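Here subunit A shows up in two complexes: once beside subunit B, once beside subunit C.
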Partner chain A sequence: MVTQRSRFPLAYRMLLPLAAVLLAVLVYPLVFSFWISLHDYQLTALQDVRFVGLRNYLELRGNGSFWNAMRNTLIFVFGAVTLETLLGFGLALLLHRPNRYRDFFRSILLTPMFITPIAVGLMFRFLLNQQLGVLPYLLGKLGVQIDFFGPGLALYSIILIDVWQWTPFMLLLLLAGLESLPAAPFEAARVDGASAWFTLRKVTLPLMKPVILVALIIRGLDAFKVFEYIFAITRGGPGESTESILYHIYKVGFRFFRLGEAAAMAYILILITMALVVVLYRAMRSAEELP
Partner chain B sequence: MNPSYRLRRLLTESSALLILLVALLVVLFPYFWILLASLKPVDLVSRPDVWLFSPSAFNWEEVLLRSDVPRFMLNSLMVGVVTVAVALITGAPAAYSFSRFNTGGGLARFSILAAEMMPPAVLIVPLFLLMFRLALLDTPVATIAAHLTFVIPVVTWFLIGFFDEVPRELEEQAMVDGYTRFQAFYKVVLPTVRPGLAAAGIFGFVLSWNDMFYALILSGGRNKTLPVAIAGFWTFRGIEMGKMAVAILVAIVPVLLASFFVQKYLVKGLGGGAVKF
Partner chain C sequence: MNRTLWKTLALTLLLALLVSACAAPAPPAAQAPTAGGEEATMEEVTLNVIMEEVPDYDIVAKLTAQFEADNPNIKVVFDAMPYDAMRDKILTSFLAPTATYDIIIVDNPWMDEFGNAGYLTPLDDYIAATPDYNYEDFVGPLREIGEVGGKVMGVPYYNYALGLIVRQDVFDEKGVAVPTTLDDYLQTVKDLTDKENEFYGAAMQPQRGYKIFEEWKNWLYGAGGDLLDDQGNVIINNEAGVRALDMYIDAYNNAAPPNSLNWGFDEALRAMAAGQAATMLSYNWMLPTLNSPDGPAGDLAGNFQLYEVPGGKAVLGSWHWAIPHNASNKDAAWKFISWITSPSVDKERVIMGGAPIRTSVITDPEVWEKGFGEHYYTTVLSILEDAEPLARGDHAEEIIEVVGTELNAAVAGQKSSQQALDDAAKQVEEILAR
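Let's turn to the complex of A and B:
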């Protein structure tokens, strides 16, 4: 018994079920996916799978649709995450003050982040539709005519939908961050007669930096996966102006059945993701060392 | 306190409240409008100018009594429950091992976090081919397998934070009392983190319940889940929109109720024992 335990300690035995399941559903598919990306692998020609080396990757260089989707996604991530951070931080500051209705406001304001994104997409498609949507109708009464999903504007409308759904996530993390800050620096600032603005810039923001960084990266990684709003509203259009990287991979892989190419694009995506996760992990580690 | 100071204070307080009320309105209005649409008679659904009308139960009866939506809801429920059960059974001992023995060190924790963030585009192609070969496409098994890829890491990451907070003396005492280390984990530590298990389970369930990407591609037919079924209302034909509103409400109300239970545990869970907010 004792020798058996020392040969294979409990710490590893408790890890076994997790390792077994993740090996089957995560690690094996990851390796398989890389193998697929090195082949001309079409769902319509499964008997004729040929090894092509890095061709799928090299051909991405001249693939305008792929870079267009990458560009759209970067604009989307940058726009959405910036707005969500600013709004989330503002709301967190407001809710951090002593307020009788605090818990009420907080629990309602957090609700959008729990809803399935496809429902959010369809809700806003219904709300913003040019003919039958209530928002264009109300704006029309004010004399403003907007086609939210027309050319040039659709991507920005989708950013706003993301802001509706995910500002709550920033609010959640940033409010928790504010609540855990030490009281002493703030008292010192008050004793010195510092203004609210000065305190925010010179005390709150520096102390909050690690938490903001962690929240930014988690949200950014998640925003990279945007798919449902586009599926629910524009299907990538008008033209390819709202195609995100995930939507593009879905289209190439499961509408055009070119799985090898889709797998290669996905592997490019892994590289970006992993780079960000390394930064995130470091940020979490350094946040830990704070008082 | 001088009057001008009190006036300024009153002004800041009321403008803060005003901003919060506007935010509240922005969050609540879409819910309100979709609820209104679900109660509108068929000919009024496409009329944004009609806010007052005599409510009709037609859409609700159509969806709940005469459509497949309840069956799709059961599919979602089943997929979510099985996924969470597997995630808790495999994730709890693993999280304990990470928390207590620091098994695998930083690399292991990093891998869990990386798995949590893995873009679904990467796994969908191989999972699709795998399920195709195993003749499991359009079955709940395919969706469950896909959901495990993100629910297991999330649940494990969540639980590390909760185990970190259990004092070590607890299982040391249990071992003095004659329990083995595993018995101490199973009979003493696990019951004390019950709120964490519940929060991780509910959060994992919500993630599975909300997924459309994997479910759409792996089982978009007879065994579709609720989000895939909702996506099917895409056509926007007049008669479908009221029903779409009902289906949306059916999908989001249970999750909103669950959210009130998990909100307060969420921050600790997301930090995974790393960030002490």
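Let's turn to the complex of A and C:
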């Protein structure tokens, strides 16, 4: 008994339940979906599942719709996250100052984040609707006709909706970052007579860099998953101009039931996001080593 | 201590498994009281039915009280939901060891797919064993949708064939005849458009996917084209196809409300009801909705009239009742389906406003009188008799989506008509070759 115990100490045994749960809910689906991606696996032809090797992956090379969806998603992620970071940082700087109504402003500004995205999608669909929407009506009074979900504009309208909902998240993270900064460098800068702009560029930003990068990674990964606004508003249209990668995968997998292809697409998506995370993570490590 | 830990763990797991295993199947059948000694025991059965939340569902739900009163041992539980949630739910139910739903409704693009996959119960024997069911009475094109590989996999629930709905008062006032050809239709809707007063000739539904294809395929028929020829070759991008799409885009640009590229049938209906449009191609049963004094059209109610789509041949949509292969109460399920679709109950359903499916009901003067008048029903019958679904086969859903995406891109100006239809044809060929 003693030898057995030392070979398999209690600490590891305590980990077993968690390991079992992770195995069941994380590893098993991942391995299974990889297995699916190597097969011609259709939900309406389960008696005829054939091994096809890497065919599902190789065929993606010539799949214009898939790469178009990937391109839309990258434009969306880049546009939305950049705007959210800039706005969030600006708001965080404003809210960081002592102000009597600070708590009030904070709670007001955070509310969009607590609405479920599908509801936000439906809200804007009606708000910007040509027949029922308040905004097109008011703009119409001014003689301006804008089709928010028409060709050319739709993707950018969706970016702005995301900015409306998720800027508060950036604000929250960046504000927490600002409040945890050491006071000494700022006092030193003030004593040396540095201007506000100079302090922001040379003191605040370098100190905030690790926090900004973490915020970028979290928000960026989340933005890749954009689905609800598109499902609720445009269904990927006009044409394919707002089809995001997750909407595309959903369509192939759960509307057309071709799970093999959908799984291969999902794995390509994982690879691309992992590559982006590694790049950002490296940048973060070097930022931490600076001081 | 060591062993106790393992034992506890193992027990917990076992218990969890047991609980989940017990939760899955339907509650055990209870013994019903003996009814006058005629039937010794009657098993209590609960039928779970998946439904789409549409007006036709409300009518079925109302009628079902009668069925439950006649069959005290059968309880019918409806699970009504929006269209988008249905396809995944139905498929999950097929793949489960025991079906979640004893009765499902199947949209026409799914019929061949589900039927060929072996997910539906053939109904031929049930139909043959049901006296006075009169299966042949269902309008032919609707019947054909439910027949897969020579077997009946579903019986009609309601139709959603397209017709031309017009503002009769506007046509009468301007002395314009209701167009019967595609060229006339295009010219008429352009002539009726008065942009200054925000009145448009046609409220269209160019929304990407099903909606635009559903509307445009009527134009395609009108121009003499089709998706496939008799040999199954893709001909959507031939001369007739391009002409139909050019004309459709002409109408969108010159006779439809501005910025309506994302519109589906509900937006088009709203525009008609608000008096902003003179015509729309839409489901035939939109007419009673528009003409209802309590309906969305308000004071305009009564001014709308239904005609066949220009060119005559229309797009047919339909829902069918079906029984999943893994359903546990198939006999009771058929009892309900055959009751709700029986000639007498169907007549009641149509009088209450349900979309017609049986010839005998559509041609019944009592239905005309109690329903929406002779003109409506005879028009519906001529629409149904010359109508065809958007696409058939195992991949109909996908074909509709890719064609609908290309059409929408052409209307959005992202591609020329020829380019969009060539791209659509190429994708359809790839899908058919799978």
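Please note the rule applied: the second predicted complex is superposed on the first by the 261 of 291 C-alpha atoms of A that agree within 3 Å, B and C clash if a C-alpha of one lies under 4 Å from a C-alpha of the other, contacts with A are read in each partner's own complex, and residues count from 1 in each chain.
To be clear about the criterion, contacts are C-beta pairs under 8 Å (C-beta built on N, C-alpha and C of every residue); 3 or more make two chains touch, one makes a residue touch a chain.
Values in this document were obtained by computation on a predicted structure and should not be read as measured data.
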Which superposed partner A:F254 touches (first subunit B, second subunit C, both, neither): both
Partner chain in contact with A:P238 - subunit B first, subunit C second, else both or neither: second
Which superposed partner A:E228 touches (first subunit B, second subunit C, both, neither): first
Contacts of A:Q130 with subunit B and subunit C, given as first, second, both or neither: second
Partner chain(s) touched by A:P151 [first = subunit B, second = subunit C, both, neither]: second
Which of subunit B and subunit C A:D192 touches, first, second, both or neither: neither
Per-residue touch tally on subunit A - higher for subunit B or for subunit C: B
First, second, both or neither for A:Y281, with subunit B first and subunit C second: first
Set of subunit A residues, in rising order, touched by both subunit B and subunit C: 17, 131, 136, 254
Subunit B to subunit A touching residues, read off their complex: 16-17, 19-20, 23-24, 26-28, 30, 33-34, 37, 45-49, 86, 89-91, 93-94, 96-97, 100-101, 103-104, 106, 109-110, 113-115, 117-130, 145-146, 148-149, 152-153, 156, 181-182, 185, 206, 209-213, 216-217, 226-227, 230-231, 233-234, 236, 241, 244-245, 248, 251-252, 255-256, 258-260, 263, 266-267, 270-272, 274-277
Residue numbers on subunit A that touch subunit C, as the complex places them: 1, 13, 17, 43-47, 130-131, 136, 145, 147, 149-151, 234-241, 251, 254-257
Subunit C residues touching subunit A - in the complex, by the definition given at the top: 2, 5, 9, 87-88, 91, 95, 113-114, 116-119, 207-209, 257-262, 267, 270-271, 274, 394-395, 397-398, 401, 405-406, 408-409, 411-415
Interfacial residue positions of subunit A with respect to subunit B in the complex: 9-12, 14-15, 17-22, 24-26, 28-30, 32-33, 36, 90-91, 94-95, 97, 99, 101, 105-112, 114-119, 122-127, 129, 131-134, 136-138, 164, 168, 172-173, 176-177, 179-180, 210-211, 214, 218, 221-222, 224-225, 227-228, 231-232, 245-246, 249-250, 253-254, 259, 262-263, 265-267, 269-270, 273-274, 276-278, 280-281, 284-285, 287-288, 290
